[in-house]
Amino acid sequence: MGSIPNIQLGDYIVIQRQKYTKLQKFGSLDATATLGKEHLELKSLLDQPYGSTFKMCVKESKAGKRGAQRQHTLELCSENELRSIRDILNISSSGADNRDISDNGEAQALKSEDIEQMREACNESSKIIEKLVENSKTFHTRTEYSQDKYLLKKEKKYFEFVQIRQPSIRLMADIFHRQDAEKVMGIRVDTLSQIISYSSVSGFGSYLLYESGTNGLLPAAMLNSIGADTQATLVHMHPGNVPQKQALLALKLPLEQQQRCISVNLYSVLREFYQGDKAETRSDATTAQTEAETAAVTASEENDASTEEQSDIIEPNTKKLKLDESLNSNNKSAPLRWQLENKRAAALMNAKFDSLVMAAKEHPSNILQALLPLVKPSRPVVIFSTCKELLHETYMELKTTGKVTNLHVTSNWLRTYQILPNRTHPEVNMSGNSGYLLTGYTLK
Amino acid sequence: MSFLKPKTYIEQGDIVILYLSVNSMHAIEAVPTIVNKKGETISHIFQTPYGSLKVESIIGVEYGSRVELSKGWAHVLQPNPEMWTQTLPHRTQIIYTPDISMILHQLEVRPGAVVVESGTGSGSLSHYFLRALKPTGRLHTFDFHEARADQAREEFRRHGLGDFVTVYHRDVCNLGFSSELDGAADAVFLDLPAPDLAVPHAFKALKLSGGRFCSFSPCIEQSQRCIAQLTKLGFNEICSMEVLQQESVIKTRSLPVIDLEFLKAPKSAEIIANEDNKTKEPKELKKYLTSSNPQVLPGHTGFLTFATLPPNIPKS
Amino acid sequence: MGSIPNIQLGDYIVIQRQKYTKLQKFGSLDATATLGKEHLELKSLLDQPYGSTFKMCVKESKAGKRGAQRQHTLELCSENELRSIRDILNISSSGADNRDISDNGEAQALKSEDIEQMREACNESSKIIEKLVENSKTFHTRTEYSQDKYLLKKEKKYFEFVQIRQPSIRLMADIFHRQDAEKVMGIRVDTLSQIISYSSVSGFGSYLLYESGTNGLLPAAMLNSIGADTQATLVHMHPGNVPQKQALLALKLPLEQQQRCISVNLYSVLREFYQGDKAETRSDATTAQTEAETAAVTASEENDASTEEQSDIIEPNTKKLKLDESLNSNNKSAPLRWQLENKRAAALMNAKFDSLVMAAKEHPSNILQALLPLVKPSRPVVIFSTCKELLHETYMELKTTGKVTNLHVTSNWLRTYQILPNRTHPEVNMSGNSGYLLTGYTLK
Amino acid sequence: MSFLKPKTYIEQGDIVILYLSVNSMHAIEAVPTIVNKKGETISHIFQTPYGSLKVESIIGVEYGSRVELSKGWAHVLQPNPEMWTQTLPHRTQIIYTPDISMILHQLEVRPGAVVVESGTGSGSLSHYFLRALKPTGRLHTFDFHEARADQAREEFRRHGLGDFVTVYHRDVCNLGFSSELDGAADAVFLDLPAPDLAVPHAFKALKLSGGRFCSFSPCIEQSQRCIAQLTKLGFNEICSMEVLQQESVIKTRSLPVIDLEFLKAPKSAEIIANEDNKTKEPKELKKYLTSSNPQVLPGHTGFLTFATLPPNIPKS
């Protein structure tokens, strides 16, 4: 923390344009990113510090079905260009209300073709906005509020700067939830933050996570809280073929920290844990197709990430290991990587965990029954579900057994505010679902 | 005329709600012909995603009936203020049923009440006031936008409500409510960008025996200034609130339940043999009647500020 | 509306002291009202206009188990006395923050005995507050915010004015919900207001209500919306012995309006409706103990109001009618009052209703099945329940039958705000339950 | 020492949570004797509604165990910041887990982070910061109230957290954070009556490579002034929010289901005869697993305002 790292090949980067953010892999110098109709060539990012702002410069424009598709290069920005659009335009005269405005669609004197032409000709978006303002018959008679709404609408369309930021849990939680909340099981920022709190995950201890698919966000958030150069470990169980790891990889954590996250298939590791060498003997003795693969293929139905994404998110050193594995697997006696990971996980399972976090698409009850005995007494249990009815049943079951105390089922309201002079109010729309958390502490 | 009272059959000139689905309702006028843009009188045909409706065919039909469209069907419902707020032509931002219900309750509007409203806007709230105060009360509604006032007046007439309402084109912040209304109102409602400017006029319009006041404002600063003015003029019971309605999305969901117990025992050779074919990990689906919030909820509509003018406060 | 009526014997009155309000019957000149430890003699209210403020004057003080029980007379208040406590005390100097205040319980130099003595001696509460302020070591170093909290606390204890107000639906909905939400089935003000909207109840039409006990609030609110001198009618079905009518009586509506609310027992009126003369013949033919009484007695288990309250809330003219009835019942052939009401209701049931409102403690499903056929097509149905699970089932049933369209299940957040200079925020506590509404429109 | 890391057995000097029920948890110090008000050393006995606990008896016991009280039993749990916020001695208003969790997330606190906090208050939030940043980060926490600062410093030491925190007694609004902290912080948190006065000091304390800022305020005007100041100094990503946690009350309820069908048919003489004895209207009870909100919910705790100081903003 402190010094600003430079953007490197292989990094995941966050591209920010106005308030829009996107996670992107900077895989090669030829890589491009797509923002709506704009394609950005990323090569000029190389070795620039994170946090830098770049100007999108039109390189070519192809007619597409729905308007022009534009290719852009990116150019590191000067300080001057960073000043806000409002400063440049210096708008001041506002009408007191909107009484004289009739909304007949003729308020803007510029035709859309004109605007599009301007768009091609001008290299500074602020100029375009200035022209639009000049040509709007109603702009100066509108109230400041409408002016702002108007500017915002225009800015959004024409603003052409992007900032490149280093991925963090905070930025990724926002991006994932906004782009497709289902891919992170609907875990909203407030809920994610509370999972971290209630699970007590920190730089000391051994933690157990079961999740059926959050694009890597949940293991990444826990490993982030475990920290670099600490002793803590995370066993990350998943039902799928390959663990979803995008968020984990995007964090670019030190190798020693990455290795303290042990990702294992739920079925496979439980068999390892219950049956140990027996299981292995059997699997050695029978077909070379391992049970883990069988389990993985079936369970992967649960897995939302597409195959393409999955191949994308395999980290370089994993690839290398895979290669090693396939070499090894010719040499039939050496254990495969997943077997080694299962053994590491089983050792931690035998020593028991300092907390259990579950985010299951399945009914949590049976999974909890299998994992709860692996948790030490006086330790937190945190179960997330989007379906409160399932948590209610699980709550009642736990209450009956008496193995977990201080049981609570909670959800949240997250209300964001617009705070502007004379225009302060809660945002007009709010997210409806935080998901639900069932929390408690194990007893001896 | 379909807003005056409950009725059984669709008559010519009625506004009728053509109900296609929860998200698709349309207010149409039950007239056999309309005049098109070229000035020609043509048969009134209403287009829907399920095909067209010859509007003449619904005249005389019982409200609540199913009517055939060229590619499907719909229901015809008698409009009321709730359906009207969902289908009316928006001339301004409008207020919706949850806020409106609280406004009517807090303003204690009932048949016989005299209510002053500004601005009229799209007439969404006005329709509610009129339902609540007719047939013995009166609504005085003001808008500073002349075209809007005219449109509203015409609309109330066509809806059969003209006898209970007076529509004024007037800038009440500067000019106040007309002096004929001094001491005439049981309740005053303001939806204005600067409600504080109209509070002294509301004070004058309320009856000497006292009355209720409401201001609806999107921003907290408007409420703050409004309350400062109300306090100064001796209003009491001042309180501000938000009402946020949440819909429950109810559905039957099939959710996976997995079994892990089998992993405790070694597989028998038999099972292993089967597995090589296509056995899956044990998993079943169980049905649950579930409810959840929609992805996006209304997070804010406006602040409702209510106050009471106590009886016998000297007005000058 | 307009002229201010005077307080009369037999009226229900709302007594307001600071922000506390209470519904009270002014049944006789000897009547007293109890506010905490204070007993107020009401006789001086007679013929004073509603809205007047009265001063509580200590008449005698009896030692009770938990401090003194005080008897007060009420004295009509002068304008001067009405000025707010803050004006009188004119407090201005505030500390900037609370840094120098240590909360060791010794900030108030006056002992509680002193305060109690003062309380007895002083006849103006503002004097007491003044003394308390003088003797508080920390008061002037506290921030304005704490000062307000302090004053509020003191004011609450010592303020001695009461205002007498005329009951309205608005005031009663507040009182009932605050005092015992269960007695109005947890129907909160926002929900009540929406029941009125969604049911379309107004001065025209014929309305049907089933409620299993809201202290009369729901029928009163509907009859209030029906209005005086209109044509509309309300059939009010209840499962109990006697309908709960307190709120209805408190409104003191004109007789013609009261008579347009027909309160009938659910079982008894349905039998009348289905079987008509047959039922009657039978009941005539068998024992004199009528079936309505049987039904009523059993169903009254649902009825929360105590017997005492019930006798209290029988309106005078009902009592007279009861007398007539008992006279009539000697003369075996004349129908009883409840039979006449059943017949009036059955006639309206045959003509069908313009909307249906239900607020049931029972599962709404079977009741809805019995009442839905009594509603005309294209008319609203509004069902309230505190238990959303019941409404979900009912929702699914209605969706399956297709008899009701535009189905919605909704609930509300009601957020109140403190808006004060520099101290604006939502109130720290909010009510958790609005209850749930299922709404829709009948189809032909 | 029980806050440093997960541990298995209660050692002398540990803070231990005596868990009686959801609404009754107590933090007690596992020491065999205490000094009473008269200065005498006496055996440490803790009184509960279920009888007394001889505290000496729990030393050496495994966390999570059930312990016997003279008239019942309880469980002993290892404390963590969540339990601590529910049991700590309140010296000020405190912030609770839902807000705190959002603060930690938005401030991106993780092991190694350097965090500046003002005021320390009762140390509720400080315990969370310390859990998140130890063992490689550092918390600098400020309070203008000397006794509170001293108490907090002593508490952190006894909790085994002394190595990761510096507690300052200082009025940061007027004096700023000490100059040794210039450019040292990854994140700054303010919970002050006038946060806008401390924003310039937060600006100085944040690293040149940028950092995150949070202010917690009960009133909207504090947030408004804070944001004005943040904007002036070049902070971006400014956003304000409220987090309100709702608990679900889950229980199995028996609800009446009534039958009305029987009313359609005349009673047979037989049934009538029975009824005269004690037959009731048909009614059965059905069990439902229900959830509801508690009667009273937290309606407001405070407004959380977050902002980013971008990298390389010149500091003077």
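Per-chain numbering from 1; labels A, B, C and D assigned in written order.
Keep in mind that, in the parts below, a residue touches a chain if its C-beta (ideal position, glycine included) is under 8 Å from a C-beta of that chain, and two chains touch if they have at least 3 such contacts.
Computed from a predicted structure; not experimentally measured.
Taking the mean Cα position of each chain as its centre, A sits at the greatest distance from chain C. Among the pairs A-B and A-D, the greater number of C-beta contacts is found at A-D.
With each centre defined as the average position of its C-alpha atoms, the distance from chain A to chain B rounds to 38 Å.
Per-chain Cα centroids separate chain A from chain C by 51 Å. The centroid of the Cα atoms in chain B and the matching centroid in chain C are 27 Å apart. Residue positions 388, 413, 415-416, 424 of chain A each touch two or more of the other chains. In chain B, 220, 242, 246, 289, 303 are the positions where the chain touches two or more neighbouring chains simultaneously. Interchain contacts close the chains into one ring where each touches exactly two others, per the touch definition above. Looking at which chains touch one another, you get A-B, A-D, B-C, C-D.
Across the complex, chain C is touched by residues 144-145, 147, 193, 218-221, 242, 246, 253, 255-261, 263-264, 266-267, 272, 275-276, 280-281, 283, 286, 288-290, 292-303 of chain D. Of all residues in chain A, only 1-4, 49-51, 168-170, 173, 189-190, 192-194, 196-198, 200, 202-205, 224-230, 354, 376-380, 388, 392-393, 395-396, 405-417, 419, 421, 424, 436, 441-444 touch chain D in the complex they form. The part of chain D that touches chain A in the complex is made up of residues 4-6, 8, 19, 22, 25, 62-66, 75-78, 80-82, 97-98, 100-102, 104-106, 108, 110-114, 128, 131-132, 134-136, 186, 207, 209-210, 220, 223-224, 227-228, 239-248, 250, 252, 289, 291, 303, 305, 310-312.
Across the complex, chain D is touched by residues 96-97, 99, 102, 143, 181, 239, 266-267, 270-271, 274-275, 278-279, 282, 286-287, 289, 294-295, 298-299, 302, 361-363, 365-367, 369-370, 386-390, 415-416, 422-433 of chain C.
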